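Notes for the one structure printed next.
By written order: A, B, C and D. Residues from 1 in each chain.
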Amino acid sequence: MVTVSILGASGYTGGELLRLLLQHPHVEIASATSQTFAGQYLHRAHPNLRGATDLKFVTRDALAPADVVFTCVPHGAAMKVVPGLLERGSRVVDLSADFRLRDAAAFERWYGERHAAPEWLARAVYGLPEFHREALRTARLVSGVGCTATATNLALYPLVQAGLLTTGPIVADIKIGSSASGLEANLASIHAERSGALRLYAPTTHRHVAEIQQELRLNGHAPQVHYSAHAVELVRGILATCHAFVARDGVTDKDLWRAYRDAYQGEPFVRLVKDRQGIHRFPDPKLVAGSNYADVGFEVEEGTNRVVALCAIDNLVKGAAGSAVQSMNLMLGLDERLGLTQLPLHPV
Amino acid sequence: MVTVSILGASGYTGGELLRLLLQHPHVEIASATSQTFAGQYLHRAHPNLRGATDLKFVTRDALAPADVVFTCVPHGAAMKVVPGLLERGSRVVDLSADFRLRDAAAFERWYGERHAAPEWLARAVYGLPEFHREALRTARLVSGVGCTATATNLALYPLVQAGLLTTGPIVADIKIGSSASGLEANLASIHAERSGALRLYAPTTHRHVAEIQQELRLNGHAPQVHYSAHAVELVRGILATCHAFVARDGVTDKDLWRAYRDAYQGEPFVRLVKDRQGIHRFPDPKLVAGSNYADVGFEVEEGTNRVVALCAIDNLVKGAAGSAVQSMNLMLGLDERLGLTQLPLHPV
Amino acid sequence: MVTVSILGASGYTGGELLRLLLQHPHVEIASATSQTFAGQYLHRAHPNLRGATDLKFVTRDALAPADVVFTCVPHGAAMKVVPGLLERGSRVVDLSADFRLRDAAAFERWYGERHAAPEWLARAVYGLPEFHREALRTARLVSGVGCTATATNLALYPLVQAGLLTTGPIVADIKIGSSASGLEANLASIHAERSGALRLYAPTTHRHVAEIQQELRLNGHAPQVHYSAHAVELVRGILATCHAFVARDGVTDKDLWRAYRDAYQGEPFVRLVKDRQGIHRFPDPKLVAGSNYADVGFEVEEGTNRVVALCAIDNLVKGAAGSAVQSMNLMLGLDERLGLTQLPLHPV
Amino acid sequence: MVTVSILGASGYTGGELLRLLLQHPHVEIASATSQTFAGQYLHRAHPNLRGATDLKFVTRDALAPADVVFTCVPHGAAMKVVPGLLERGSRVVDLSADFRLRDAAAFERWYGERHAAPEWLARAVYGLPEFHREALRTARLVSGVGCTATATNLALYPLVQAGLLTTGPIVADIKIGSSASGLEANLASIHAERSGALRLYAPTTHRHVAEIQQELRLNGHAPQVHYSAHAVELVRGILATCHAFVARDGVTDKDLWRAYRDAYQGEPFVRLVKDRQGIHRFPDPKLVAGSNYADVGFEVEEGTNRVVALCAIDNLVKGAAGSAVQSMNLMLGLDERLGLTQLPLHPV
């Protein structure tokens, strides 16, 4: 058994890690911290876990040493605590944004703050197994992934890899559920305001764009992605609808199938969704909720060279805790699917 | 034209008053106060009103004298400011709970606080025109109504009036939308928690029960109503499903039709909804949203003496601002329908 | 490994069985029939299962012999095919209503049809392990359960068992999601009509009442349950809010705790939910969706003898496929939790 | 008073026309036809209208002669009945797609059918007052508008008019509610499937693109719009997020403000929504539901020449019945706002 501790376990990402790890056959949870809920059962913060464990939250000081520590503390705070955990010998998976970018200057530009542990930036591995599987196997520090970045990256990656994109613009039109905002109670998040909303909240850019540029870079070239993100009526889920342009002549539907198959062949959690009939012909976050699946699909526009490339994920799973657990499995030499086999629901 | 001012106009009830009064042909809004939004256009708090008016919020001190003042301040605060407004000659419609109960001792029992203006309690009229039309015509102070109380009262009133109830228990099982919680941002109200909830939040009682007991009292006897209220997935709307027991012998469906018709004949905003076919056979808050309608219906259980009595309202309209405007119209000798003729939507 | 076939596997109940059985460590699916989808992959009907299996639907004629056959055919059709399956040696779990009632006369009264296999009625076991665990271990034919009956039965059972109820009325006020209507496309089920509905669709009775009367019968006495069911905005889930009356004197909160603990001690899928703080103090179907949990809770009304008893389930799991799989496990001498350990999600 | 008849009044567009026209001060409804509901009150099909009128549906044969006839019959059927109505002297507003395109060849290409009344195609006026106000004043036949075309057209029109667009691609990423599908009950429309969906249903094109090309044509040049449409969780509403590219140098935020103001100055139903603070900074269909408003906004991407241009409308009002009534008002020389002054709701 592997021992795991979670620093900052009372938020949505922490809760999702707990849900997945409690169902992981090789993991024992050593401790889960929460300043607010210390001394109380996990189900006080995560009511779904009632009956599934007798574990109680502990304070930050009581974090138990463990083979792996997941850190779910706010952006900016993680880079201050992670080095200490690493020095004490734990492997770390940091769910904050602090170790996602490889470049300290880029971090400072996007996050407006000097990085507190730049020496670890280069050693951290971006926790998306589809892109960094081999590096993850030997990593000591793994970063979490930006949820909308992950959906965008997985949608576009095959096109980039296959060299199919022209230099034309790429538009990433993102739709996202409310759980991505976490437990913050503010006017934007209250039900009467957020319910039924179709709200452009990030009209032209977002910090996740930095991760897209980094992860889609090929031969020193990063495609420019024009990003817009909308809050939609949904709790869990992201759909990235990416509009890209390929060389008109010589690119066929078959080429695209090949590009997507090449990119994701053998991937346990990527499903190609592109059917000719039925109502579920393209990726839809409704059909991955609760699972680690990334559903990816595409469509070529007849008569032009536009491709619509889509990816649907559960922002809390593939977009956060699921990719983190998958990365942990790789780091520990385990079957990467462990703890992640829960099938999604339908209907839901 | 009648001049109207609104004290505390940036919340949901204030916004709803503004929406209704802006469409009222005989009303001019003299001022609308908000400490938070003072100096800004109404649409900063009420985005639906963009383009409908050039009015800006003013501070409390700048409340303009007016024929009628609507007070939308918190419970407990209203009873401190209302007497002053009345003394300055305005008529007042108070949307808080402070003047709903006629009895200072009952107020203290239910609200845990001594009433600050007991002399006005007896002079205030409960602002439900269906019950107090004549008194409202001469009122100087009108109270708002409790939203779940209003749905319950309108469902049960015909049974009480017709003397059909036995001494058996009455169960009021309430379902309510999120807008009734107002603009409070807390853990219970954030979208990810509140969305899709079916949450019993008032398991056995609620302050609105005091209004039910007061308003359904007949010949000194108030029926005991066993109250339970659930938060459901809905922004606007209340459905009160009341389970009551009538004398088994001699009470027919026809008797009930007569009771409901007698009670609500000529009421401009009560619709009897009881069809034999179709999918909309009973009251449903979805079909009154945005309007001042109270949809009322009933069904007798075959073989027993239970009656299911229902009422659906929009909590912000008939359950708050709509009844307030209707009461104002009566107070001012106007057609009580003015400003309230907006039809509900379907589908929605 | 146990082999299992599903007759009529393209509906929601069939899909849910497939989802659970694909995750069951001791089950192999021999065949799944669908007249509409024969020859196509399961994910054409159940898009959540994409990638989880290579199985295809077969026609009814190609139903593979199996240790256990689940029948998901319409009410009335099941009783015609089940005897044949039993005679060929399979154990059968029938998800229709045909074998839920022990009494052929009751069946005829409630379903308006003569029972086609009355000899099997008495031998069938009602598939609710919490009530019939021992009988299930030796059963050859197990019936499914009515979803709203199950929520009501589990809420009230401890009160009945402990003899706490008076002869006063019991009101069961049911709230239910749209998946319970299955895949029927009609005016009542289309999204624009059903979305946001709070629709009393079964005002005073329902066939499930027959199952409540049967299962709550004690010493020859069945409590009369006054039933009303509402369609609410929800896809999966049922909340039964039961209003019952206990002997006023001598019944304390402690007595009720004892009654509920006695009834459900050791039950792997019943959780008592009754907290003093927090927002999830009572059962809420949002917190069991996708799982086999039945969350049960209660509250005593101060100053009266009313008890509010609640149960929240996922209608497709504990209210259908989950109880069926749990029953199958018992029938086969397996750990009854197998295939059912998936934790619910939060938030969702 | 003007008399109006509606041919095919039991669908959602017909219901919406009835709702608006019943509140129109100068209109008398002469007849409303429905083969299904003939002889029944309007509220059987449109439950929101209960109590608002005593009118009953009549059969098609009983269509009363009227100053204006609105035709809400299926695409393909309208072109067969409209000429007869025109010949009998009525003005006609046709809500189908049959008279939207000016060019019979284009009609045949997009609708796969020869046009039955090509002589009327050229005489019909496209019913969007913001584009064709003057022509509408003298029109005898007005076409309805495609709902997603209207949102796209109103978002992009100022950019086209001001000549700001480059020859770069324009992506129109559309999000739409379920009421746009009308009353069709099929698998795609049932609540359990459609609820919470984020479903790309028109991946690369749609018949509405024909209207976009026609209406945005300037000096013989139509911008190519790359269109993708998603069904989202919403009953009423469309958001068109259009990603366009302007000349990088010399185009400032101020230029765009000027372009949008120039285009929509004085328009009674277009609101520019572009705030720096608050949560409602951009158009959101939640804030126009039930009203005839089109909320339009834009944002320039810093450092690139992308413009995000948005428009939110209620598909049944501005996208159908509202534009139709506004067009009728113009045709009859009435104030174009009549019957359309209902303010939207907030929250909702």
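Simple rule for what comes next: a contact is a pair of C-beta atoms (placed from the backbone, for glycine too) under 8 Å apart; a residue touches a chain by one contact, two chains touch by 3 or more.
Just so it is clear, the model here is predicted, and its values are computed rather than measured.
> Moving only between chains that touch, what is the shortest number of steps from chain A to chain C?
Minimal hop count between chain A and chain C: 1.
> Of the other chains, whose C-alpha centre is the longest way from the centre of chain D?
C
> What whole-number Å value describes the gap between the mean CA coordinates of chain B and chain D?
Comparing mean C-alpha positions, chain D is 36 Å from chain B.
> Centre to centre, by mean C-alpha position, how many angstrom separate chain C and chain D?
So the centre of chain C lies 46 Å away from the centre of chain D.
> In whole angstrom, what separates the CA-based centres of chain B and chain C?
Each chain's C-alpha centroid was found; their separation is 39 Å.
> At which residue positions does chain B touch at least two other chains?
12, 178-179, 187, 192, 195-196, 235, 280, 284, 347-348
> Mind pulling up the chain C residues that touch chain D in the complex?
Going by the criterion above, the answer is residues 12, 177-179, 181, 183-187, 189-192, 194-196, 235.
> Over in the complex, which chain A residues touch chain D? Could you list them?
Touching chain D from chain A are residues 168-169, 171, 173, 175, 187-188, 192-193, 195-200, 203-205, 224, 226, 228, 230, 232-234, 237, 239, 241, 243, 245, 279-286, 299-302, 304, 306, 308, 310, 312, 347-348.
> Once bound in the complex, which stretches of chain C touch chain A?
12, 15, 19, 22-23, 44, 46-52, 179, 235-236, 271, 273, 275, 278, 280, 284, 287, 289-290, 293, 295, 341-348
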